[in-house]
Every structure is written in C-alpha cells, then in structure tokens.
Amino acid sequence: MSINTQPLKGIIVPMATPLFSNGDFDKKGTERLIRHLLNGGIHGIFVLGTTGEAASLKPSIKKTLISTTCDFVNGKVPVLVGISHTCMEISIKLAYHAKEAGAQAVVAITPYFFPMDQADLLAYYETLASACPLPLYLYNFPAMTKCNLEPDTVLQLAQHPNIHGVKDSSGNGVYFQKLLAVKTSRPEFSVLAGPDEMLAQALLVGADGGVNGGGNIFPSLYAKLYEAAVNRDMETVQKLQDWVISISDKIYNCSPKSSGYISGVKESLYHLGICEPHLSPPLQPIDKSAKENIRQNLEKLIYGIKNL
Amino acid sequence: MSINTQPLKGIIVPMATPLFSNGDFDKKGTERLIRHLLNGGIHGIFVLGTTGEAASLKPSIKKTLISTTCDFVNGKVPVLVGISHTCMEISIKLAYHAKEAGAQAVVAITPYFFPMDQADLLAYYETLASACPLPLYLYNFPAMTKCNLEPDTVLQLAQHPNIHGVKDSSGNGVYFQKLLAVKTSRPEFSVLAGPDEMLAQALLVGADGGVNGGGNIFPSLYAKLYEAAVNRDMETVQKLQDWVISISDKIYNCSPKSSGYISGVKESLYHLGICEPHLSPPLQPIDKSAKENIRQNLEKLIYGIKNL
Amino acid sequence: MSINTQPLKGIIVPMATPLFSNGDFDKKGTERLIRHLLNGGIHGIFVLGTTGEAASLKPSIKKTLISTTCDFVNGKVPVLVGISHTCMEISIKLAYHAKEAGAQAVVAITPYFFPMDQADLLAYYETLASACPLPLYLYNFPAMTKCNLEPDTVLQLAQHPNIHGVKDSSGNGVYFQKLLAVKTSRPEFSVLAGPDEMLAQALLVGADGGVNGGGNIFPSLYAKLYEAAVNRDMETVQKLQDWVISISDKIYNCSPKSSGYISGVKESLYHLGICEPHLSPPLQPIDKSAKENIRQNLEKLIYGIKNL
Amino acid sequence: MSINTQPLKGIIVPMATPLFSNGDFDKKGTERLIRHLLNGGIHGIFVLGTTGEAASLKPSIKKTLISTTCDFVNGKVPVLVGISHTCMEISIKLAYHAKEAGAQAVVAITPYFFPMDQADLLAYYETLASACPLPLYLYNFPAMTKCNLEPDTVLQLAQHPNIHGVKDSSGNGVYFQKLLAVKTSRPEFSVLAGPDEMLAQALLVGADGGVNGGGNIFPSLYAKLYEAAVNRDMETVQKLQDWVISISDKIYNCSPKSSGYISGVKESLYHLGICEPHLSPPLQPIDKSAKENIRQNLEKLIYGIKNL
C-alpha cells in the first residue's frame, strides 16, 4: 500500500476496448489505441471503465486487456484498472491481477445491483481498500448504479490510506463542488470529473483532472484544455471547451440509445483506423444512419480540431 | 431445447443462500433449507435469484449451490437457476452448468449496469434464449435494473420456443395485468408474480404462480394460499394473504435498508435452526435492534400461522 | 363534519371536463356526459380530478363545473369535488364552494410542487381536513406529485373524523395491499383504486371501489365489473377485465404522450356525441393519426362491449 | 413586447416572501428585505420564485407582493415576477398585473402537474410568451416539475422575440454547458444559473449571472463573487465560492427536509432582524434543533464574511 503524497492529475482516458466482430479481444487495435493516446499527450489510461464496457466483458478478456495495456504503456503514464463488480471477491482478485501486470491503481464503482445506502458504501469501500494491493479510486455514477456516494461519505473514505481519489460521473455540479471541499482537509486526494461536457467548469474550480471518453478520439484536445485551465488561459479554455461540446453533440448524441456515447467513441476509432467498432453484448449497435452521421461529423471535427 | 406445453405453476421459492460467517457456502444448511421447502409443499425452487444474493456470490459458490440443490431436490420439484449477469457469456456458461447439474430451467434478469432500451432487451433475450440449453424465464425487476421489460417486448419474446415464462417483481399492478394478456396468445407461457404482498391479487386475476421470498420461512403458508386461489376459496385467500402482509411488515421491514428484506429472510432461517444469517458483501447486516425485532415478531408469526 | 359510518363504494367516475375550442366551459356537454354516466349505473361522480384536468382550469370554470354537476346530478349519486392545489387556502375556499353547491365530499391530492415528506403530508391533511366543511378523501398519485403517501401516514390520517377514504392511483400493487390493511382498524374507511387496469385485482382483494376514467366512455362496463366482483362471479370479472385492458391498449395508449390517456377519453366522448375533444393548455392535442386510431378502435370496442 | 438587445446580467435574488405567523403578508419586512438586497449591490430581484414560495401563496398576497416590491425598488434594479402556474390563464393575468405594477420581466417554470414532453413545452412557452406583456424568462427545475426543458427546446424558444433568457436550477453541469451554447446564435439571450453552489463554475464558463437564494442573506457576497468572475480574478472567486459552499452546508442543510433550504433562508432573515421565519403551508417548519444550528452557524458566517 503506497502512501499518497500528491493527487493524480490531468486527463485520464477511460479507454475503449477494441473487439473483433466475434467478440474476441483485438490486441493490435489496443496497441494502436494506446499509441494514439500517448502521442496525444494524455496523463493516464483507465481500462475497464464504463467506456471500456467492463461490465460486459468476460474474465479472460479483462485479464488480457490489463496485461496488454500495462506492457505497452510501459510506465509512460499511470494505468488505472477498473475492478468494479457486484461481487467483492471478483474485484479483489482483479486488483491482484492488475498489480502483477504492473498497473498503478484500481478504480471501483459503487455496487450496482442492490440499492446501497451510505453505511453500506462506507463499509464496502473500507473493506475493499484494505484488501486491494494497489491504491483505490472511488467511482460515482448514479445513472448506472442507482446510488450516489455522498460527499460526507467520500470525506470519511478519504481518511483511508489506500483511497487516493474519486471519479465523479454524476454530472451534478452542486455535488462536484462539494466533492472538491474534501481537498481542503486532504489536498493530495484526487478529484476527477467524469462528463466531458463539464471538463472546463470542473478544472476552473479546482478539479485535479478529467476522465474523458472523448480523449479516445482526440487526446490532444483534452490534454490542451487541461493545460490551458492550469495556466488560467480562459480564452483558450473557452475555445477548446466549445469543441468538447461539439464532440458531445456530433458524436455521442447521434443515437438516442444510452450506449450511443460508447458507440460514438468506437465508430470514431474505426474511422481513425484504430480498431473495429463492435460492442460487446448486451450493448447493441446503433443504426446505419447514426453511424453515417458520426462518420460525416467526425470529418468536420477532425478538420476543425486539427487547425486549432 | 424442450417444447413448452404447459406453464410452470405454483409457488416457486427464490431460495436464500446459506453462508458461513467467513463467506463460505454452507452445504448442510442448504440441505436443511431444501428439506424445509419440500416439506412445506412448494412447487419449485429458484436458486441464484435476488433473494439468493446471486450478484454478490463468487463463481465457485454459484456452481456448488447449483449442484447441491439439484442433487438434493432430486427431481421432486423443478429447479430454476438464475444466470443473471451483465456479461452474456458468463450467463451462458452458467446455464450449461445448470443443465449438467440437472436443473430444469434458467432465469435471467434484464442486464443491470448500462440502461437498456426495448430493442436492446429484445436482442439480448433472443440471443440468450437461443444459446441456452435449458428453458429460459425472463425476469423483470426495475428497482434493481433501471429498466422495464415492456409487455409488448414480452409478447414478442413469448414467441421464442425456448422462452417459457416471465417473473415480474416490479410491484406494478397495471404492468402485471398487461403481462397476463400475453397468455391470451400463448397460454402455456408462465406469468409469475414477484412481490409476496401481491400474491393473492395476482393469482386471482390469472397468474400462474408466485416467486415468494417468504416461502423460505413459511413454505406451507404460500402453498396453501396458492391452492386456495386455484379453488376460488376467497375467504381462505383473504385470511392467508393477511398473514403474508404481516410477514412483510414484521420481518421484511424491520430495517430501513433496501436489503432488509433479505436480512429478514436469513434472520428467520437462523431462528428456525436452518442456517446462519450472514449476507455476502457488499450487503451489510442490519443492526441488533432490527435483528431482535425480527426474532420477536417471528415467534408470533410462527404461533399464528401454525394455528391456521 | 359528518360522521363516517360506511365506506363509499362502487365505481366513481373521474369526470372529464367538456370544453369548447376557445377554452370555455361546455355546460350542455357536461349535462350530456352526466346523463350518460347516470344511465350507465355508476355509483359516484368525481369532478376536478386528474382526468378532469383540474390543474389546468381557471377558477371560474371550476366553480361553474361544480355547480352544474351538483345541480344536474341532483343527489342521484354522490358528487366528489377535487380541491387539489399547492396553496391550501385555495383548496379550502373551493371546498366551501363545493359544500354550498351541494356536493357530498372533497378530494385532495398531495401537494405537487415542493417535495413533501411524511410529516409534511400528515400536517397538511390534518389541517385541511379540519378546515373543510365536507368529508375529505386523500388522493395518492406519485407520478404526478413526486411523493407517496405512505400506508403508515394513511393509517394515522384515517383516525381523523373528517377523513373518509383514499384514492390511490400509484399502480403499485404492494402499496395498495398495504392500504387495504387500514380497513382492519377502520372498516368504514374507503379504499379506492385508481388505474382502470387494476380494477379487478383491487376489488377481489377488498377494495371498496374504483375511480375509473374509462367509466366516462363505458360506464356500464365498469359498473358491471364492480357488481361481478362483489358477487364473486370470477368468470364475469375476468371477461369484463379483459375489456378494460382493451380500452387501456386501444384508447389510452394511442399516443405516447403522458396526457394521451385524457385525450383518449375526450376523443371517445367526442365520437359518442357527448362533447368536443379539446384539452385545456398546457396539455396539447394528440396528433391526427392517434385520433384516427382511437376512432377506429372505439367502434370495435363499442361493438364488443355492447354484446356482452 | 420589448426588443432584447443585451442579456440580463449579474446576481438576481429570488426573494423570500416575508409572512406573519397567521399567514398574512409582511409589508414592512418586505421593505426591509429589499433595502438589505439593494444595499448589498445585487443586480435584480425575482419575486414569486421557488424561494419565494410562490406555489403556496394565495392570489391576494401575490398581487400585494408584486406591487410592494415594484414600488419600493422604484427602478433601481430590474424586478422579475414569477408567473408559474399549471393554468396558463392565471399566469397571463399575473403577467398583466406585473406589467401594471412596473415590473421589468416575468419568469415561468415548466408546468408542474402533468408530465410534459418537449413538444408540449415548446407550445406552452410559445403561447405564453406571445400572450405576456413583459419579456419572459424560461425556468427549468426538474426536481420540482419532473420535466427537463431540453437544450434544443431552449434553442428554438430563444428565437421568440419575447423570450429573453433562461434560469436553470437543475444542478446538471452537462445540461448547463449545453444551455450556454444557445448564446452562440443569440448572444443577448440570458443564461442564469440556479443552485448557489454552482455559481462560480457557471460564471467562469460564460453564464450571465446567478439566481441565488443565499443572496437574501448575504447579498454583497454574491455580488462580489460575480464581479470577481467577470474580472477573471480566480483567487477571489475561489475564496468567495468557499463561503457559498459553507452557506449551503451550514444554513441550507441543517434540516433533512426538502424545504430546509427555504427555512434556512427565512431563519437567517429572522436573525438578521428583517422578518419573521414563517413558511406558508403546505411547507412545514424545521425542528427546534435545526433552527438553533442555523442561528449558531449564521453567527460564524456573518463574522467570517464580514471580514472578507
């Protein structure tokens, strides 16, 4: 268990999981994707998150993905591994695998089947953090899990030596501002913003970074936005944030499906020549017209963002 | 793939999973519980449902539980096995294990991490049903899964030769009545009611049976209520249903926790000398006063129900 | 304040409010509608409920509607008047108007702007009941109000001498069964079921009656279903309930709009020659194809129900 | 109908409504409160919003409050009047009263009884805006109304010459960022942030101002935060925003009640000697210990904020 001395900072990309049409793991595609991310200047890679379709992947793919990523990243940036599961033992085992593979930290979402109360969540994370051989990051995403990890609970958990930060994907600006207050008593605790669309506002009020799915497609855009926010270059922040909103409108929202966001990321990676766009069941592909819209919108975005 | 010729009927008990305090599976306790259920005259056993804490159990316990149950039941009543998971391949593998162990059917809840739309659910169940070596029952529980399997979707899925019925735990009386309409075109499709509290009303309007957690504690009460409803003995139905509501008030609701229902069942089994009351994490135990209330209430219920 | 000695029973029709295209109240249409209801054998009329678009109507229309209804019904059946409002003084004033007009009771939904907790609801109804010059019925409809009037709260309120019953439109079968338990200690407290689709199951387990929007269109169908349930004629209950479900599918659900149910009722009344189909803003009309579907479906329903 | 040439900017205080214990309107208290606000340097006053308990007030109080406010403010800052109601005619009449009293604009929340879809909301606001004699501001608050005014709907409504802006109290940072995109095509359209806790982040990414309940208590704090954000004085923004969060924690959240926020504002005004703390039913008072906590916390906040 390492001592946390400074918060994890910057753009952590929740990496998509390249898959073949038969569901098999695409190792070469994964390496292309990692190279694309590292070239873009991002600050960390998070595998097996929501964007990575962790809940849908079978155990063997999870393990291969972790090993492949750690090997290929080779220490250039931290690798965070999602160990989210409704069964704690499965999470702990995966954390050990991540440790052996060379990952730097693990991330666990709140359990997502049975509704949890705050006492349940406190007990869950304390046990998990003590059992994990790598630093643990909390992950809040009520739209998926039906529970909200309250700021007071996070404040208590931040006292645990092996809990190093929190990723919040709630989209709730009031909640996020209250999470940031945890940093008053524990400045080295990392508070990371989930939804791409909130990246600028989160960074400007003190977030340590963002976990941005759009970073799969345009890693340097997000990395530059982060730098601009750190440097209080408000004009650049505004300009880059406008592109982030365009990506949301033009790529994520091309389909009304809840999973349209993940499809948008994977379709874009396909057009960038990085990997095939297949999702793992139960997620279903978006329809042809949505795919075509993404293709056309992506071209314009590439052109615009290239010329920044 | 067997041909469905008549609906599964009666009281199917969603069996609790006996565990030791260290989390290990309690085989002897499981056998005591099964004997208790069979002696009570129930019509089927459903392992690895919500009451069985399926989402929290590690794979090895799931497999042992299935084998133990099938061996001990030995064909006296049908054994249904929950294969619910967010990863379809894990569900299919478990279905094969159930088949080999001698189970009669499998049950799958709607995927519970990413929000699903009706097209997703249709594709999911069609693929799963075709891949499963045992008859498949649909399972709707929006409070856990955030999605509702609409009656029109169930109607379409009821055309699949390997989908034999549906268990609904929504508690929604309008929805349930619409589910029953599926039986107009496919009378052999089994429609089973989830919440204990709705058992009488469901049976009186045409449900084939109930999946009743309270059957773990008082199997004969539920079996008798089923018989009374079949015989249109309205007075007995009313009298027994009042006891079902008492069990809900006095056992399930002793704690404000969402998981209080499962604790109520397991604490009761403990006082009946069947097994220990431990839950699998992330579910947390209820507090001492709630446990004490259950103990006291259970005594009164036992006395009252014995004298029916 | 009258003493409640026996529960209100039977089919209480939540009467639609006939309006002209300019928004004015249609007095003649209202009289035709009341005559249609009374001829159908229903047991009570509830004006200014959700089906009556109470929240959208201006004060002058509300008053005229109450007077017109009381005058025309002339004591043949009880008239209940909705006094639901977020401002208690407005509710009380309307209750006095109802009293003067000759109505028998008033009905108030839980306040629907600010989220209420159970203590708020208890205080609200106790104050309102004491201030109202007519017997008060509680009204639970969480889909509209965001709050649920818990069974324990209803149990406490049932002790108030001027609170005579509850109408539940939640559609929650577990909740409804618990409401019925209030009758154990206060048998004269009337428990009425809201959604048409649940009428049969509610009556069979002990509800005193139903508040059924479909009764505007087919009053005798609902009255007959009530009689059949009272007489435990299960075959007739089942047959009539199937028609109730058909009305739900073929009339209420022709439009995906939340207000499609009200449009379905009003379009049907239009085709029956009773009144025009206009809604009061902010509710918007359904589209032409939905209107045409309703017209065609209504013809078949009329034919089928006539031949019962 | 005035032509909108520049957006409304700054801190608009949603004014609490001073009431006596018998429910009567407190004119002197209102004047004291207005003087307090004007002295604090705020940029506008919004009467009859959620903080002003508009839904609970009887019509006569609403009218007197509007007249009193317009008279006393006397043009020093714009007065905005809430006309929110489920009945459109009542809203329009109130808008005319506001016009005659000398108010500058009106504000209408989305209708809050029947669930509305986007087509309903579009039609509603277009009709209302055309009928109102004063500029109309949209008001989104899903926690109260169960509906969200989607950014695309706001974009369409922003084309209406009499719709001048939007107040968003959703707390949703993704949504708010998308609202801001409306300003790309209509820069004079005012986008105002609701929850106090989000004020800094909203202003830093381009919001025109905030509608901040805490401004009732500490008007100059919010006004200074606005100025600091306009001047890109990030250090001051951060420091003042920390106080805003303290007000939220120490005043609004002293009671678990949903209405605890309004009680927090009114208790504070009471301790400041401005008016009595009474709420209008159905809102209920918070308990004594919560009142005492507010009193103690307020003292510390006054001391700290005074010394900024």
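Each chain gets a letter, A, B, C and D, in the order it is written, and its residues are counted from 1.
Simple rule for what comes next: a residue touches a chain if its C-beta (ideal position, glycine included) is under 8 Å from a C-beta of that chain, and two chains touch if they have at least 3 such contacts.
Here the structure is a predicted model, which is why all the values come from computation and not from measurement.
**Q** By CA centroid distance, what chain is farthest from chain C?
**A** Ranked by distance of C-alpha centres from chain C, the top chain is A.
**Q** Express in whole angstrom the distance between the two chain centres, defined as the mean CA positions of chain B and chain D.
**A** Between these chains, centre-to-centre, one finds 49 Å.
**Q** Let me have the rounded angstrom distance from the C-alpha centre of chain C over to the C-alpha centre of chain D, please.
**A** 36
**Q** Quick one: which residues in chain A touch 2 or more of the other chains?
**A** Where chain A is concerned, no single residue meets two or more other chains.
**Q** Assign the assembly's chain-to-chain touch graph to one of these shapes: line, ring, star, complete, other.
**A** Topology of touching chains reads as a ring, each chain with two neighbours.
**Q** So which chains end up touching which?
**A** Every pair of chains in contact is listed here: A-B, A-D, B-C, C-D.
**Q** What part of chain D is in contact with chain A in the complex they form?
**A** 171-178, 181, 184, 195, 197-198, 200-202, 204-206, 232, 234, 238, 241-242, 245, 248-249
**Q** Going by the contact rule at the top, pick out the chain D residues touching chain C in the complex.
**A** Within the complex, chain D contacts chain C at residues 23, 50, 55-59, 86-90, 111-117, 119-120, 123-124, 127, 143-144, 146, 256-259, 280-284.
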